[in-house]
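Structure first, then comments.
Chain naming follows the written order as A, B, C and D, and within any one chain the residues start at number 1.
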Amino acid sequence: MTMTGNGIETMDGPPHEAELLVDRSRRPEGSTVDVGGVSVGGREVVVFAGPCAVENKRQIIDTARAVRSSGAHVLRGGAFKPRTAPYSFRGLEEKGLELLSAARNETGLPVVTEVMDTRKVEVVCHYADMLQIGSRNMHNEVLLEAVGQTQKPVLLKRGIGATIDEFLLAAETILRQGNQSVVLCERGIRTFEDSTRNTLDLSAVPMLQRRTHLPVIVDPSHGTGHWWMVPSLAKAAVAVGADGLLIEVHSNPEDALSDGGQSLRPEVFDRMMAELSAVAVAVGRACGKTEVSTVVEPILT
Amino acid sequence: MTMTGNGIETMDGPPHEAELLVDRSRRPEGSTVDVGGVSVGGREVVVFAGPCAVENKRQIIDTARAVRSSGAHVLRGGAFKPRTAPYSFRGLEEKGLELLSAARNETGLPVVTEVMDTRKVEVVCHYADMLQIGSRNMHNEVLLEAVGQTQKPVLLKRGIGATIDEFLLAAETILRQGNQSVVLCERGIRTFEDSTRNTLDLSAVPMLQRRTHLPVIVDPSHGTGHWWMVPSLAKAAVAVGADGLLIEVHSNPEDALSDGGQSLRPEVFDRMMAELSAVAVAVGRACGKTEVSTVVEPILT
Amino acid sequence: MTMTGNGIETMDGPPHEAELLVDRSRRPEGSTVDVGGVSVGGREVVVFAGPCAVENKRQIIDTARAVRSSGAHVLRGGAFKPRTAPYSFRGLEEKGLELLSAARNETGLPVVTEVMDTRKVEVVCHYADMLQIGSRNMHNEVLLEAVGQTQKPVLLKRGIGATIDEFLLAAETILRQGNQSVVLCERGIRTFEDSTRNTLDLSAVPMLQRRTHLPVIVDPSHGTGHWWMVPSLAKAAVAVGADGLLIEVHSNPEDALSDGGQSLRPEVFDRMMAELSAVAVAVGRACGKTEVSTVVEPILT
Amino acid sequence: MTMTGNGIETMDGPPHEAELLVDRSRRPEGSTVDVGGVSVGGREVVVFAGPCAVENKRQIIDTARAVRSSGAHVLRGGAFKPRTAPYSFRGLEEKGLELLSAARNETGLPVVTEVMDTRKVEVVCHYADMLQIGSRNMHNEVLLEAVGQTQKPVLLKRGIGATIDEFLLAAETILRQGNQSVVLCERGIRTFEDSTRNTLDLSAVPMLQRRTHLPVIVDPSHGTGHWWMVPSLAKAAVAVGADGLLIEVHSNPEDALSDGGQSLRPEVFDRMMAELSAVAVAVGRACGKTEVSTVVEPILT
């Protein structure tokens, strides 16, 4: 910024970083966020799994049972679906929330689902254990403030064109309202590369962990858009130090009403979970069905 | 997308383009949108000018008088301000709407201002002649639907990371609710180049005009972030065929509470308007204080 | 950059900008570059036109005559063609240079053509009036140094992923070798938007003109990839203040061996030149067949 | 691409993918590339380590000994340095090649170094075991052809703005000349995110491995620009399935003539190598000082 004939160029910046509520210096040891009894941000790498959208009772119950038996910790599923085109499937809405609740009763898994509308925050809070703010709404300050006024933990996804700075400031908006339970989710950014749906920015994980105490998870399903590379990127996310994963699993991907191409079949998810356990142990953490007693620390010379 | 062992990769796309309400084929001659008596989309290049934010009565009235006397058609000014950081100036809110209304009474200029919250749509409609959906909310489907249910014309800004396709589908969401009065605004996209605040994508103007009947305007203030290049890019926008311009003007940029660095002083705006008139005439249109009777058509051999 | 436990983070930066040979402060009035008798950087907007590749004698002579009669100043045409895929047409090579030379003899137009190989600099200098460094080679320091050691003017195209800073430093590499005759060409950068071949960055024109004394031209053919939007973007480039244009014209685009989709037919080029004249006059410059005596300055209040 | 009034839009594309020499279908089991006795593309994850630039005998010998003792397989070091600014350190040139050769004699490690000039290919071949084509030259077709005519293995780095398609076609250009020994290196792409030097695209690893038989390695040093996140991203690269790593190590980073901020101290490198071993074992591979006899396969249910 330079002074010029017309006036001083000014741009309102954030306050000094150390003053932010999200800043690492506030809690150098890191925060943990409780999601219906599951702790995110600790030694265990937490896996959020389930379909893109809740479609019917059988689909959500079957998928919930399958992901639980493979070691997932939290059930995800969309009831209110953001849609780029106004003609796409918009989700089952409140009926979807009821089905998620039924799946929780059936499996014991806590439930995370997206909220897109300030007017729906209350009803989503009634059914869900965690509120998701989707990528399209990361800059929706009004919605951030609304979830910041609830007691529910929030899963905040990075905007497709958002910098690390903007991502942290979106989280700050929630914390500022009193709600300290925020989990950040890297889910791919928009770049020139078009062989993948987005470019998963795994560098964001250590960068965020250096700058904030909030837990950071990774969504390799939206990050890549290709089911067949999800397990590889999930392992990379665990290796880079992510506190959790958000994975799309569908009992029958070819019939999925949305995002079938990036959803894992239950048997692929199950194999991936076993592989994740091995990687988690290699980096001094645990995941899924790991026998915690046999965890071996990496040899640090 | 390829079929693979795990399932068919599917991605829900828009319906066939020609079926969209925004599609050019619906109105090959193009639409015009009426903003408080000013027609956008016709031969006249319409200039929306004013401060980033309404700060006080003197500032908004002085700026409104200045831009009117230079030939601007519509007054812009933010009452509710989107903020990346939760500590920035958030606008005067309803008081700001009242001041905009006073400035309209004083100058006769219709007023456009941003709405960010579904719960505020009604009050903004009460005061404003046109509702602005900002870049951060282009993907906020709930808000798009809410403004689509009003009778007010809507100024829809392109999201910072939004493709042309997504921009058109956001407009479609508004039209689908019954409101056909939408003006699109190219305001720069996010790229690797950081010498400008964004990269103004002027190719978007002919591309949009080929694909939709809706009027298209350009915001070179946010597009560049530098007041000193705004006049050059404004002339380029008129030359490329834009139906209008959105320009930040502040009676005293160095004291602006936001975006002072990209705001023009009134005297720079006035000189720019004269230059725009010449370019408008050169491309067969009119702008600002152009003596329409002396307009000369470009010689097409 | 922060000091950390492991060591100081350092990054070798450019010398202070004012010390660079390209810096505007060296020649505040701007440089002009002579291309076979045509002055680039003066009041006249210079048009470089011709086919992507020289294909045969008839094609290049016909196109050269057509563009001259429409008011173009310099003939462009590729003899050595960069190819992304090793199986594409690679140009007629030395035979192509001979045909360009024949076209110059026929029309009097100076000739610019690309050089990609240090071993070919001498032969290209023998035939051409100006050497072009293509986008793929903007970072090819060895080639930049080689053309910097010749006496021929150089047309340096911006790299597809190059910042303004890097573009200026590439020019600096040429000037540092003794050759001061460099013309910069903005030709689009790579972004997420894929409806156009690249995103033409017209803000780069005033930004470069503020920072360097070298002339700046624009290539809307590669910048957009669509012939039908080339005239609009060419007008925008003149309006924004470009010192020239690089336009692909082919006597028969549908038979072009490369880039037919972005090449203008001669009759479209001719109409565009008339329109450019009007815009050039409107911004106080001249272009093509403009009657200079009737140029009217824009009214600056 | 659509047919229009002006002509048919054509764009010369690559031949059908399956016909390319790089295509996976040519060698479904994958290729291995021999680098001075080290096999790249097999079960062992190969680590290329060393300083950005060779600076003096002590620096390169000390660093070579250090990286060998930590388990690195190949020594990297720049003798000819690409420079964005013409005033930066340009490397020791042939003297640097001699020092690399001395370091190989001292440690037994094969050597990889960059070649930027067709006229230097012969001398670099004389000293080096592997030729590196840097990111700035990925599109330098003349240089690709020159190294394609040698017998030396080639390390081809992805261009900063290059798509996966273009990266593969650059490799194809080398193979087409007869040299089949090419290793691809993902090293970060240029995006809007500026907290890291580039955005490391780890999705590129499985995508490339699906499409080509050539080995794929990852450079987290250039990919991130921050030494402190290199170990995390290196582990992620191994977990995602990379065949090797390219790591900058400097015996004294704070005195480095270039890229000190992204270079590891030897002791940090040593600790990272131990951690990499654990991750490699977890994904069924080996790396560095792994006791191969104790390798445990991940449990695949």
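Just a few scattered comments:
Definition applied: contacts are C-beta pairs under 8 Å (C-beta built on N, C-alpha and C of every residue); 3 or more make two chains touch, one makes a residue touch a chain.
Everything quoted here is computed from the prediction, not taken from an experiment.
Path length between subunit A and subunit C in the chain contact graph, taken as the least number of steps between touching chains: 1. The interface holding more C-beta pairs in contact, when B-D is weighed against C-D, is C-D.
Ranking every chain by how far its Cα centroid lies from the centroid of subunit D, the top place goes to B. Rounded to a whole number, the gap between the C-alpha centres of subunit C and subunit D is 34 angstrom. The distance from the centre of subunit B to the centre of subunit D, with each centre set as the mean of the Cα atoms, comes to 46 Å.
For subunit B, the set of residues touching two or more other chains reads 161, 190-192, 194, 228. Put simply, subunit B touches subunit A in their complex at residues 1, 4-15, 82-89, 116-119, 136-137, 139-143, 159-162, 166, 169, 172-173, 176, 190, 225-228, 252-254, 256-265, 268.
Interface residues of subunit C, counted against subunit A in their complex, comprise 190-192, 194. On subunit B, the positions that touch subunit C within their shared complex are 161, 163-165, 189, 191-196, 199-207, 210, 223-224, 228-229, 232-233, 235-241, 270-271, 274-275, 277-279, 281-283, 298-301.
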